[in-house]
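One chain, subunit A, appears in both complexes that follow, with subunit B as partner in the first and subunit C in the second.
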Partner chain A sequence: MTALAAQVGHIARRSLVRTLRQPASAIPPFIFPMALLAVTAAGLDSATRLPGFPSDSFLAFFLAFPFIQGALFATMNAGTDLARDIQTGFLNRLSLTPMRGAALVTGHLAGVVTMGAVQACFYLAVGLAAGVSIASGVLGALTILGLATLIALAFGALGTFFALRTGSGESVQGLFPLLFVGLFLSSMNLPRNLIEADWFRFTATINPISYLIEGVRSLIIEGWDAQALALGFGMAGMIAVLSLTASAWALRGRLTRT
Partner chain B sequence: MRRGASFRSVALAVAWRVLHNVFTTPSLLLPSLIFPLFFFTAFAGGLSRVDNIPGFDFPPGYTTFQFVFVLLQSAAFGGVFTGFGVARDFESGFARRLLLAAPQRGGLIAGYALAAVSRWAVTATILTVVAVAAHMKVGGDGVDLFGLYGLALIVSLAGTLWATGVAMRLRTMQAGPIMQMPVFLTLFFAPVYVPLDLLSGWLHAVAKVNPVTRLLEAGRSLIAGNPSEVGLAYGVAFALVAGFALWALRGLGSAERAGG
Partner chain C sequence: MSQQAEHGIEAESLVRVFKGDIRAVDGIDLAVEPGEIYGFLGPNGAGKSTTVHMLTTLLPPSSGRARVAGFDVVHEGPQVRRAIGAALQEAALDPLLTGREHLRLQCALHGIPRAERRHRANELLERVGLTLAADRKVKGYSGGMKRRLDLALALAHRPTILFLDEPTTGLDVQSRSALWVEVVRLARDEGVTVFLTTQYLEEADALADRVGIIDHGRIVAEGTTDELKAQIGRPTVEAIPGDGTEAAALARILERFGERTDGSPKGVSVRLSRGVGDLAEIVRALDSEGLRVEHLQLHAPSLDDVFLAKTGRSLEGAGEEAEAEEVEAET
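Let's look at the complex of A and B:
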């Protein structure tokens, strides 16, 4: 058990340090979501005048978005770094050591989740500094951080699975547009009941990302909404479990091949 | 060979090569085609209720309102994507050989610009077909539409010259964000989702002085069939082209001094 923990610790530290040492990986998750938050919140502020809009601040309504976009960056960073390990032969060399497969994936994801948690604290701090008040209070803010961390784990595991399955950084990067499209075809800009186009409302309803956003958003603008939270945590948990299971399966195949 | 003829032959050769590369490599072609369609779908579909905001007055509707933004965005980003290709040419060493071989090096910039506007023409055609299929309402006549697409074409040229100037100075693919981010921010610091009058706070102040606002508002007035301040918008667009042409030429000088 101690040996496993030490292995996880080494890989987690490496994962974190590697991300921090690459400005091109470390900086965008902080800058891009904030830039989009600023322009969208200001540009769509008048949408709060729509009858039935659930908040009088579009900034508060839209603050859930950076948490999800930040998690998408976690997917890319997790996947690209692991794919690089495969491409450079690092994974091959690791497989010759007593390092366990579970320690590799857990350690790798621990680094990703730590980055995700730091990002979430940053987004929340920016939101609070910009005047957003969290309707669910301090406990709600902590719950937001918990949900954001779970979402980072879920997407990080998804990136890990793609990296292990394809072994190619470019293939993992190719996943980003797909996830980005998924993000935009959700309820990120308007509540689902205010989306006018039927096909778009349907797409947003079957899109799991909508429920992740709505889970975070409910804590910011509504307070404690059991249904939104259950759906948010449930979807994030389901993506995490499926992705981790798929990663474990792909890791077995990768270690067999190597 | 006469000076004009050699300039033309360099420009045509570079343009042909870029277009051949782009249209035979899906990973280069698809992003420039898909992203405008995706933004159009997400904005026009997901935000169509926005035209119910009190004070939103654009008779052709929200789909048309967003089409103009996405058309201009695709034009500007078509130029940026071409800039990525210029950077790739420098990184791979191909541009070094181009600089050695070209008798008129200004033709290189002209070639990249020609390729960018040709490439954007394809994107604009597909975007228009999709928008018409999505029941976009057009109030303007043929002359108005000619004015709109002409304006977008000049924006594409300006975007290309900007990105080419950056690529020739930095000569690495890592310059991608430097080409992309200023264009992205300048476009989004304009009235993207609602008209200028409905913006408030810092974004209203920034959008008022942002030249892209003039382009967007003139474009929207043209497609609505109610042209307004079109001359000013064309003046802004030509000024951007002139400024960025100078920027690109000085970038070429920088690349020449560095030996490609």
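Let's look at the complex of A and C:
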């Protein structure tokens, strides 16, 4: 194993251990999305009777939502943990070792992504147990997990960037409601073509989160939709690349070691 | 086993300027010999931590040069970091990890082979007296335990130079003494060069082979504690009259033995012209005048006297002023 890979492994392990030892951080990503899924699916089931609604089951339609909400939790957890390291001086301690900057960000995100993947497995298992069938089959289910993991990476990197830039856990937490509003202003509850209000439809159309949701959703209720998948993976990849680039830039400013 | 390094710490005209043209460190020259314990004494905000951050490569200097363990801190940062260990001002620990996990992570990031890590972690835990608490999360540690773990982490990769930034601030007397013993052992038995910043006079007095006094980013005095005290020279005697109305008479008598200082708000204090030998004469003079004295004390020169003489201020309280300036600069 190369030194860099070993360093990434050590930092990732710490990130996971930290998350698992904070029930207040580890449990909500499992509970809240499921609670919202249950409440919304029960309350909005009649929406499936709208002409042109793409599924007979609102539960199946809405199952994409937890994957995105879980990723938003990854943003907050990734960011606040790193911000705490900055505030307590732990980052300085790590800086005094031969650890490379890339190992810090990658290791930190590896822990976040692992948690994201575990969450995605959980959401999928709950969906299947509740009677949802995955239209794209087993391979589609694996693709959902892959896309969900990429989304967790993208949002985790965003949280990492904010933490490195501001060095403040409070600032990172301030980002969460903003992203949550973004989630509600997407095609989370209805397909975009069925949103009546023009401003809402327009907002949902320019909102990248819509395409993340639609990518996951297409695999659950439609099967293999190349355009939806390309947009979903493309958007998640773009957010990931932009956030990682921004994080690398912020890390250079944060790690002033010579 | 002594493994004294060939190089210590050298700095030449080291400067660090922060936003708003704040010169936190303003042209420091240092020469710390290998195996020496160097005490860097000064109030809060004097520039001690900024100096440590530059010497440990965490902060690039604005100008000047510094070499640590023979390596340039700007151009050879990784080599410097391999040679040094540092326990910075706040014990930077993860409250959710155990002491043992901290040490294993530290050893791993320093590239210590897996087989050695367990042994090294156990050895250091034992040395700092944390074996029994090794598998407890750090959030349950006392301040002293955190500091000891911090020291153990700094020693994980067997550094030849150790930076300790106010290692005993906030510790109780017992924890402080234990840390002092370990610092002295490291220097004497293992030949580790120790650069220790402190705002405690007694700490510098007890530990340091040499002391540098820093104020407003500049070294205002440097030498062994004895040399520094000798620069101040004469002791002072302070007397408080038994009857407040006799203060003037008391002052007249004491002023025969030296010049008045303003060190005693309730009584009279004079710096003795001829040293300690005057004390017996003073007692006789007071007795012959029939003056009753409530309190009579001889003060040998201390490092605080050195600080007072060099800066015009006492070390106690100087930090508050400097901190206030620092806060203003930051805002």
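In the analysis below, the second predicted complex is superposed on the first by the 255 of 258 C-alpha atoms of A that agree within 3 Å, B and C clash if a C-alpha of one lies under 4 Å from a C-alpha of the other, contacts with A are read in each partner's own complex, and residues count from 1 in each chain.
Following the convention adopted for this analysis, a residue touches a chain if its C-beta (ideal position, glycine included) is under 8 Å from a C-beta of that chain, and two chains touch if they have at least 3 such contacts.
Values in this document were obtained by computation on a predicted structure and should not be read as measured data.
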Subunit B versus subunit C as contact partner of A:199, first or second or both or neither: first
Subunit B versus subunit C as contact partner of A:226, first or second or both or neither: neither
First (subunit B), second (subunit C), both or neither touched by A:190: first
Which superposed partner A:178 touches (first subunit B, second subunit C, both, neither): neither
Set intersection of subunit A contacts, subunit C complex versus subunit B complex: none
Subunit A-facing residues of subunit B, complex: 31, 34-35, 38-39, 41-42, 45-50, 52-56, 174, 184-185, 188-189, 191-194, 198-203
Subunit C partner contacts - residues on subunit A that touch it in the complex: 3, 6-7, 10, 14, 17-18, 21-22, 85, 88-90, 92-99, 256-258
Subunit B contact footprint on subunit A (complex, rising order): 24, 35, 39-40, 42-47, 49-51, 177, 181, 184-185, 189-190, 194-197, 199-200, 204
Residues of subunit C defined as touching subunit A within the complex: 56-60, 73-75, 77-78, 80-82, 84-86, 88-90, 92-94, 96-97, 101, 105-106, 108-111, 137, 153
